[in-house]
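Here come two complexes built around subunit A, the first alongside subunit B, the second alongside subunit C.
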Partner chain A sequence: MSAQSLLPARWPVPGVFVALVLTVAIGGLVVAVDGGQLFHQATVVSLLHVAAGLGLVAVGQTLVIVGGSLDLSVAYLISLSTLVAAETMNGSDGAVLPAVGLALTVSAGVGLLNGLLVTRFRINAFIATLGVGLLLKGYLDNGYDGPAGVTAPTLVRTLGYQRIGPVPLSFLLLVAVTAAAWFTLARTRFGHHLVAVGGDPEVARLSGVRNDRVLVTAHVLCSLCAGLAGIYLASRLGAGAPRVGTEGLYDLESIAAVVLGGTALAGGRGGVAGTVGGVLLLASIDAIFNQLEVDAFFKQVIRGAVIIAAVAVYARRALRRGRS
Partner chain B sequence: MMTVQSRPLPMRPRVRPGGLLPILAILGVLLVLVAVRQPDFFAPPSLMSFLGRSAPIILLAAGQYFVIVSGEFDLSIGSLVTAQAVIAARLIDGEPARTWPVVLLLLGCGALVGLVNGLITTRLRVPSFITTLGMFLILVGAVYYWSDGAPKGALSEEFRRFGRRAVEDVPLLGRIPYALLVLLALGALAVLVARSDFGRTLVAVGDNPRTAELSGVRVWRHRTIAFVLSGVAAAVAAILLGGYSGVSFQAGAGLEFAAITAVVLGGVALGGGRGSVAGAMLGALTLELLLALMNFYGVSGALRSTVQGAIILLAVALSASRSPSR
Partner chain C sequence: MADPRPRPLLALRGIGKSFLGVRVLADVDLDLGPGEVHAVVGENGAGKSTLMKIVSGGYPPDEGSVVFNNERRAFRGPRDAQRAGIGIIHQEFNLLPERTVAENVYLGHEPLRRGLVDRREMLDRTSQLLASVGAAALPADARVGRLGVAQQQIVEIAKALALDARLLIMDEPTAALADHEVALLYGLVRRLQQRGIGLLYVSHRLTEVFDLADRITVLKDGRRVTTVPTADTTPDELVRHMVGRELSSYYPDRAAPDDLGPVRLTVRDGGNRKLHGVRLELRAGEVLGVGGLQGSGRSALARALFGVAPFSTGHVTLDGRPVRLRSPRAALRAGIAYVTEDRKGEGIVARQSVLDNALLASRSMGRAWSRRAARSVRIRNLLAAVDVRAAGYDQEIRFLSGGNQQKVVLARWLALNPRIVLFDEPTRGIDVGAKSAIHALVRRLARAGAAVLMISSDLPELLGMSDRILVMREGRIAGELPAGATEEDVVALAVGTARETVA
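Up next, the complex of A and B:
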């Protein structure tokens, strides 16, 4: 699929991919000078695994942000989803389908709650999803001290670790979800309505879009993506982990990836292809610094600086194009 | 960020739409609940120490108010508080003589971080959500890196005084914590700043930056100063918190969200242009009172966030439904 067609033409999609190519090229060079190998199979595989987890969340996050909302509850929802999945399976292969179904149902419920709070109760999305996050956090803190449940071995073997060449199955899942999300945004009526609502809710409403319904749907889809990420993490870790979402900073990192991908935080502009680029960029930086054996904390400093710098470059470019 | 900018601004004579009434009502209800369960709470000693304990978050909310009312976010304050506490402990290292220089250094540091946040947001046009999120990652990473994963050194008793000591033997009140005195002084200052020309212009900037710009306001300068105020507030909060509860990497964890929640509870609109600093500080007080209340009613530590989340959602939903302008 050509990146250009994914978006309304105003926003420079390839920006993040240019940054990605540059990062990988320079990073590869530096790693090579250092005596390592960035394109080693193991490195690429682990990079794609990291990207798959964050990517699933970020694609969902893109949908709500394009609609002018955002979701800060995803980190807790991911943890919850790993627990629901792993506890339902409890190590038996027969229970995979019900477990996945239940985890996704719970996720959809959380998304519905988020959506209703934002639309019906008119709570600012920042506060609404933060509040829902707190609700989930209380449940997790109250019920769990450590890992619980056991993921079914088949799922661990397939979704968790199986790969085709250097490409993990989970990354293919991300590609499939991204393609579906792209189709939804670019080719369906719901997608166009969502962009319209994010661009200007009042104009959208006056043009006959049912804003509330559109936003609730976006929130449900976002939560489903987070739930899926949870199922993936459960199959990766072999158990449900009550802190995996927050420790991975999935809430803030997913938003950062979306913005890196060129989606406007205010809504109405952007797309999932850029988001995947943003995710890959973050994952490559991670891989490069792992190869260089940079201190984990120092890595975080660099990561913060890169996020700011990258977005500053976009903003400059948008400015030159004559933004208000 | 997500406001509808369609409503034309009628000429309202200084009546603030984001009034104090809802937050006062919520505060009143919580006070009644506390009174029913724990009448002792209103005895001067416990009330004073409660107010002293709440000082840091109230100051953070006041700082955050300036940023939010100008239409931006500051997500870096929690990590700033942590970083400041860890830096203070390492630099002081138990030496009383280093107390004042370090206090000044912390205030300067807070202002500097605010300045950087502000300049990146306004001059480089990076959304403040991303700027301050990046700053959050940078500060947390840097402070862990600098101290190899565990806080080192110790605060001097002189430093800790601000957070834990009190003026003793005051008639009627018993003891007044230094933290409360700091809060009263800086709280009054915050109200004065909010009512000054600067404060009013800041609200105009948040309501409609374009209009403000066209009326000759230097939007970037106002917003940058707002970030500096928030950074300084975080420095003061770090000094009080470090003194009260000591140094750890968790010192400031989650405070940014608590401050933003408090500000919204106080009737300030996210996205800017509406609300008062008094409301923001009352919102923080309400949040602290809520935590105390949960203590009195024996809500278990782990379930707390659930109750807190539910009440915040309820309170914000109620105040949102009251104001017809949204």
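Up next, the complex of A and C:
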């Protein structure tokens, strides 16, 4: 019984925020030397817009990953959601509410399907959600060659482009969703049970947690977040876009952001605050390289290296923790 | 059975249970009063764990009745038993290392205020619970992964108490504890007793049983041998109750003195995290039996010799020359083969064919350009020689019986002409007929000049097969017994009631 083990747990600041500050500082310097300006209003605004879209997806992704699951269908669901929203609105401001409602309902349905496949049919989450994603892809490829529908002008003006100072409305939406998700994890029974299911399903089950119900709920929430991201992208683009989700690599990028944020891919540890840090880190790297006009392929290489380095750091930390 | 106590907390009557036609419990009675510590002792496989699982809702009994709090109960699962007030502390803790003490204690029934988890209340109540078991120093907001084993055990107990447990089952609670932590546990048990909680205490360690228990029930081969007040018995008497049965099967003849070859393997002062000061000699042509309780270091010894979890201290020699067995591959090169205890997990590749399984080691150790056809013919001959019964050698091995799977594993190692073969529970889960075939094969290996080390929990097998027996306890060699030793001798060494004999 060491003295150290008697100290109350201190939850360390996720390392991702340190990395974020360093990246922005060094990046800003490099860009300045290059003759550019990272902290220019236009750059910051575009960075926050990128972060808003990815962030909404990644916060949802965090919920399923904390629960020990995964969602690979989000990219296709985002595209579907842009189409459902834009086509229902068809340019009419009066149809905003029904359109948003319909897009979210469809998303919740997809999440329910994912959740049931993972829990009731015991299909590995990787396979189940990939399968559902491919189902959606089939529908999208079959029905759409290009953009369809028109987003209501009000929504484009507000959610798409309006901002307060340099902060876009969409980023505030992300902040609100993140706060809600944080609150859910920290202060509701569902949140506690979700972390427990991800940590050790057997322990959770023996403690009276209804694992299946918890995981299905997490999947529905994750898909709702993806649906929301779709609505935002539709407002941004002014139309439904059948490839926007896959071209934006929202599936893998969202998982990368979650992992960068310190959430264990196996579940049971982590949270949404770190994820937002991961999203901002990815978005900052993007912005810096855009400013430097670096080759797109090289940019991908750097992103890959950052993700691998982050995971290696976490793995070492987990190893140390396991030994102590 | 006449019960001196007016109202037992728990009364088991005529409990019976079978798995796949094998009877593991028959006609077991047991009573436990409030505030009583009732120890349940017996050899490995005597049925203790099954009985505890029946009480805690893990399995339904096939026969008999469970009466708890004067009410006949048929628990539908562990949760059902928990709600009724029966908690179980497993050897392996059911805790989430990434969560705080309070979050673990109240998992599944977090206190709510206006629909939200009331953290303040959760922490307060947890602190009170911890204080009530004398662990006020343990912070309720500490992350469980940072706690020591003893503290985690306290958290487990608090978790059970948070559900108002009236009966606590402790399954080998001291197995993972250091000596000074055991004293803490003793204090804790006393406090629980004072609160009127009944304790079922399963342990191999007789010292503890005599220190703590009010009554002791001895199980053997799934039956209750006796229940005695602790004051009326002695450790020696208990050991006699725990063993003592007739040899029920025949074993091949032991090695004659001239069958024994030179010393093949020696270990001096071998140690690692699980082993201490291990010293042994293994001769060509002999079967050296290794006995001891679960967790006494028997498998750790085999794993050390095979390089899975190597010795970190000490010296090993093979045929007189020092060797370093740092990995399974190094051990295989040195001519050591290992037939693992966990056949399904480590012994066979379930979805590959009989032939592929038999060829596994030859392929990985053989020269890449060796003639495949010749190898295949050789292995087919071996499979036939060990009498593997399969529809064909192309059949997936998972469809074979346990005994035939084990024969395939044997053929795999025989193909390498090993000089030393380590067997860990070679006949576990194998039917009687195939058992004697395996026994004959083990002996044939020794006759052919291999040195055999055989770990077994099956006492008749250990006594019937071995030319000498080493008994392990707490990571050390507790003593050596010659052929012709009795079950009492082995058990006495294994539980530590006998004086150490010189190995």
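By definition in this document, the second predicted complex is superposed on the first by the 307 of 324 C-alpha atoms of A that agree within 3 Å, B and C clash if a C-alpha of one lies under 4 Å from a C-alpha of the other, contacts with A are read in each partner's own complex, and residues count from 1 in each chain.
Following the convention adopted for this analysis, a contact is a pair of C-beta atoms (placed from the backbone, for glycine too) under 8 Å apart; a residue touches a chain by one contact, two chains touch by 3 or more.
Because the structure is predicted, anything quoted here is derived from the model rather than measured.
**Q** A:Gly138 contacts which: subunit B (first), subunit C (second), both, neither?
**A** first
**Q** Once the shared chain is lined up, is A:Arg269 touching subunit B (first), subunit C (second), both, or neither of them?
**A** second
**Q** Based on the superposed arrangement, let me know which partner A:Glu202 touches: subunit B (first), subunit C (second), both, or neither?
**A** A:Glu202 sits against subunit B and subunit C alike.
**Q** Scan A:Ala305 for contacts with subunit B and subunit C and give back first, second, both or neither.
**A** First partner only.
**Q** On subunit A, which partner's contacts cover more residues, subunit B's or subunit C's?
**A** Partner with more touched residues of subunit A: B.
**Q** If we overlay the two complexes on their shared chain A, which of subunit B and subunit C does A:Pro98 touch? Say first, second, both or neither.
**A** neither
**Q** Once chain A of both complexes is superposed, is A:His193 in touch with subunit B (first), subunit C (second), both, or neither?
**A** second
**Q** Touching subunit B in one complex and subunit C in the other: list those residues of subunit A.
**A** Common interface on subunit A, subunit B vs subunit C: 202, 324.
**Q** Going by the contact rule set out above, which residues of subunit A touch subunit C in the complex?
**A** 1-2, 4-9, 186-189, 191-193, 195-196, 199-200, 202-204, 206-209, 268-269, 321, 324
**Q** Spell out the residues on subunit A that touch subunit B in their complex, using ranges where they run on.
**A** That would be residues 68-69, 117, 121-128, 130-135, 137-139, 141-143, 201-202, 252, 255-256, 259, 265-267, 295, 297-305, 307-308, 311-312, 315-316, 318-319, 324 of subunit A.
**Q** Mind pulling up the subunit B residues that touch subunit A in the complex?
**A** 1-2, 4, 6, 75, 120, 124-127, 129-131, 133-138, 140-142, 144-145, 149, 210, 257, 260-261, 264, 269-271, 300-310, 312-313, 316-317, 320-321, 326
**Q** Show me the residue ranges of subunit C that touch subunit A in the complex, using the header's touch definition.
**A** 78-79, 82, 94-100, 103, 107-110, 112, 115-117, 119, 137-139, 141-143, 145-148, 150-151, 159, 181
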